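Same chain, two partners: subunit A is paired with subunit B first, then with subunit C.
== the complex of A and B ==
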């Protein structure tokens, strides 16, 4: 059985002086005082851990998300003529592990100059954000860089049906209420 | 009656209001002017108390890298108003099994006993003090200790284990720290030779130095016991939220709860005000006499009030600073600090200060050094006397008291639950080895 040693026996003379002058308590006071003073003069930069104040006032200040953050989905449009880039190939729906994409298409005759081609054309696109886990597999499968997960993270809605994003929402983005106060 | 007239403080316009001529100034001096002062002081103090909550939240936020209240008004400056409104509009809940009468009286006792003390605090020079009672300090200590009754009644009448335990703790703690607080002041009274709070300020003005220089140990003990007395961290055991939910006010809500909160912050203000008055020179600061003769009496009074407020603000900031820096004491450590350190240290301080003072008296009065001269009916330390009192305070009184107490408390200082358990285990194993019966 080990001998019972008290903390008093283990203390060196330096520790005794430190205890006598309450140095540990005073050290703590200096630290908190430093934080307090820094909070008063440092320019605020919400969400920066090196700054004296870490708080970001969310509805007023947009949080900075990481560059590789994957958020709300978007269907990209062709920047030249504004038509969709999607060729309705269904690869994204096949790639999705949780089956949250439904691509609706019809075969239609499309005039391209002189020729008339029979082609698959996108009609509806349903994306269920409630089941999506933002793994990006769909976006990687897409051959035309049409489907993309953006940096937007505000996906909350008032009703469950709101999680089913249709083609219009995916192309234009949804309308958020932006709080400015 | 020149002596009585010298004590009268109401400005001339109050006297012209009541149409009285000196010496018959009963209405002006004792009714009208005090009422005006009371209304002003209550208004200012209650506003300040509301803003103390705001500042506490801000300071805690800054210390913890947060922003604190920001939404109501610019930088959350209207937060106290919003809080007050919320508390007023909240449902007033009295638990079914509570003692209804006592339950509703308890917060009132708490808040009234702290507010009454405001009457004798010397907020400033001349007419800025409501009542200059000649037992002012005694009055403050006596009345403010009644507030513990409010806490005990609250805990008892709530019929809840958390409230009861919180009240038990708070009564034991406040009664213990009250003693240390009373003892710490006596040293300063030896120098001031009066219990009137305005008199103590005048004494420091005449002596030329605030008494915390003569009484460093007394000041230290006062600050620590004031923390314990007002239930502030690191001595906030009565409302230790991690153990007791909210302590004695667990069952309170709405405005009754707000009264307890008000009482706590007013008590903080009062203890800081007493500390400022007794140890930091009250409303006086060097150069105030020059201001009085050059800038007129009104600016002089206003500046004295500002100086008093500034000194209080420093102390209150320190209170908040301590609260958000230091962890809470364990209950046995708290009692040990109160009974084994603060009270004996207070006694030692009284004895040692008395010895230094008697030694400093002139030889005709039985002293040795003659560092204290009798001028204008008071004993005032001379230049050497000041240095002598400062040196004895810092260099002899503090180390001597510490060495004395450390020797006395040597065995109990390292009380440590882990060691105690280890000791029990060791004793038990020895008994088993000797084949003695062991209690299960």
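== the complex of A and C ==
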């Protein structure tokens, strides 16, 4: 155990003068003043602990979210023709520990050039974000890089039914309110 | 001393025992723990813990889920040390599957779990100190913990419920700035730990609230099957990392700090020293980080052979173990969790009797419980 030596020491003259002139107080006030001056001209840099203003001005300023962050789900579209990448294989629904994904599909004849193939085609896709625990297992199971958890993190809604994301919402994403002032 | 206070002291006035409910909404019980106290004035004569408010039945859920699905549930047991929970389960399944994990993955796992140990101890120190009345430490601890959580977010994708490891290795390899970020953090943290100690070690209020409070002799600590810093505070040298080295821990050189008196102050000193040892381990792991893949070849559908295993690791709170029984199908027949916080909580009664009500708060803090793990 460490020895306690907080009392019983004699003060030197230097310490007494320091105390009389309130040097410690002035030092503290100077530090605050320095930060105030820096806050006037320094740009804000999200996440840097040495910046003058650390508080994130949230709705105006978007926080830094990492590349690997697991947030709102999205169904990716083929960049070439805009059709969905989903092949309705149901692997994401099987991988989900909380059963929050429902994949609806029908078997349909699809014309591919001259051949006509019978293929599973995606009709509906329901993702229940109120049950999702963002573990990324669905996205890892996806064979076509279609389902992905994105960096978008604002999932709050006014009504419970808003937690059920349908296919359109998953493909387009949510329209957020952008604050400008 | 105990025999003396089992009866109310006789005074001129009527001395009556009083029952007092502490929790489940009490801020110092670290969650939804209800402690039923039997008091004589301010002295605790007897107490009883009421747990189960956070019971979710994880062990039963595991019987319906495939092996890969269970990993995220382990984040939610001890949610302040989610990475350690993942390590325990994932290594258990690998043992059952007899899969050799790549060296690089093992080293990265060690780095992440040791960072998690520091984060968990920082949260413990902050909340323990604020329970006793030192508010400043909490803010300082959260400042450093934030750095660790940012490293986690960039590496794993989540800050708290990490889902860090997959069966067979890791999903992600390191990101480009990972090593410099961790090294920067390792540079500052030893000084910061010293800073906390300057706030607490010579603080008279801290000393009078912790020294001699909740003394637990070594023999009783063993009989209560305690593990972790609570056991080592009583001077028993048992650390799973040394006793049964798992992952890559055999490669690293570190010390196991031991206490002498077995009181709250000793357990505090041990956790501070453990953070320093974690820094040493991370430094060695970063220096010797091997090249190579981070994922072993594991079949997509995991079906371990029929058998059973027990695997335990040294989580920040003590020995965290998993007992898995496989019947050859894709889902475990039984998964039993050995939560350190649940077993360590049993020592609360032994430690708190004879102390004041305010000391019960200090003793709950020193055991370092997380109710997600106690109730499972």
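Heads up, the rule we're going with is that the second predicted complex is superposed on the first by the 139 of 181 C-alpha atoms of A that agree within 3 Å, B and C clash if a C-alpha of one lies under 4 Å from a C-alpha of the other, contacts with A are read in each partner's own complex, and residues count from 1 in each chain.
The rule we apply is simple: a contact is a pair of C-beta atoms (placed from the backbone, for glycine too) under 8 Å apart; a residue touches a chain by one contact, two chains touch by 3 or more.
Every value quoted in this text rests on a predicted model; they were computed, and no experiment measured them.
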Requested in this report: Would you sort A:81 into first (subunit B), second (subunit C), both or neither based on which partner it touches?
Outcome: neither
Task: Mind working out whether A:117 is in touch with subunit B, subunit C, both or neither, as first, second, both or neither?
output: neither
Point to revise | Touched partner set for A:140, first subunit B, second subunit C, both or neither | key: second
| query | Should A:20 be classified as contacting the first partner (subunit B), the second (subunit C), both, or neither? | reply | first
*Partner chain(s) touched by A:175 [first = subunit B, second = subunit C, both, neither]*: neither
*asked:* For A:12, using the defined touch cut-off, is the partner it touches subunit B, subunit C, both, or neither? Pick first, second, both or neither.
replied: neither
Touching partner for A:66 - first (subunit B), second (subunit C), both, neither: second
The shared contact residues of subunit A with subunit B and subunit C are 1, 4, 6
Subunit A residues touching subunit C in their complex are 1-2, 4-6, 47, 49, 65-70, 95-97, 133-137, 140, 149
As the complex stands, subunit C meets subunit A at residues 65, 68-73, 76, 143, 150, 153-158, 161, 163, 166, 171-172, 175, 201-202, 204, 207, 211, 261, 265
Residue set of subunit B touching subunit A in the complex reads 59, 61-67, 70, 321-322, 324-326, 402, 413-414, 416, 419, 422-423, 425-426, 429
The answer for subunit A against subunit B in the complex is residues 1, 4, 6-8, 20, 25, 28-29, 31-33, 35-36, 39-40, 44, 51-55, 57
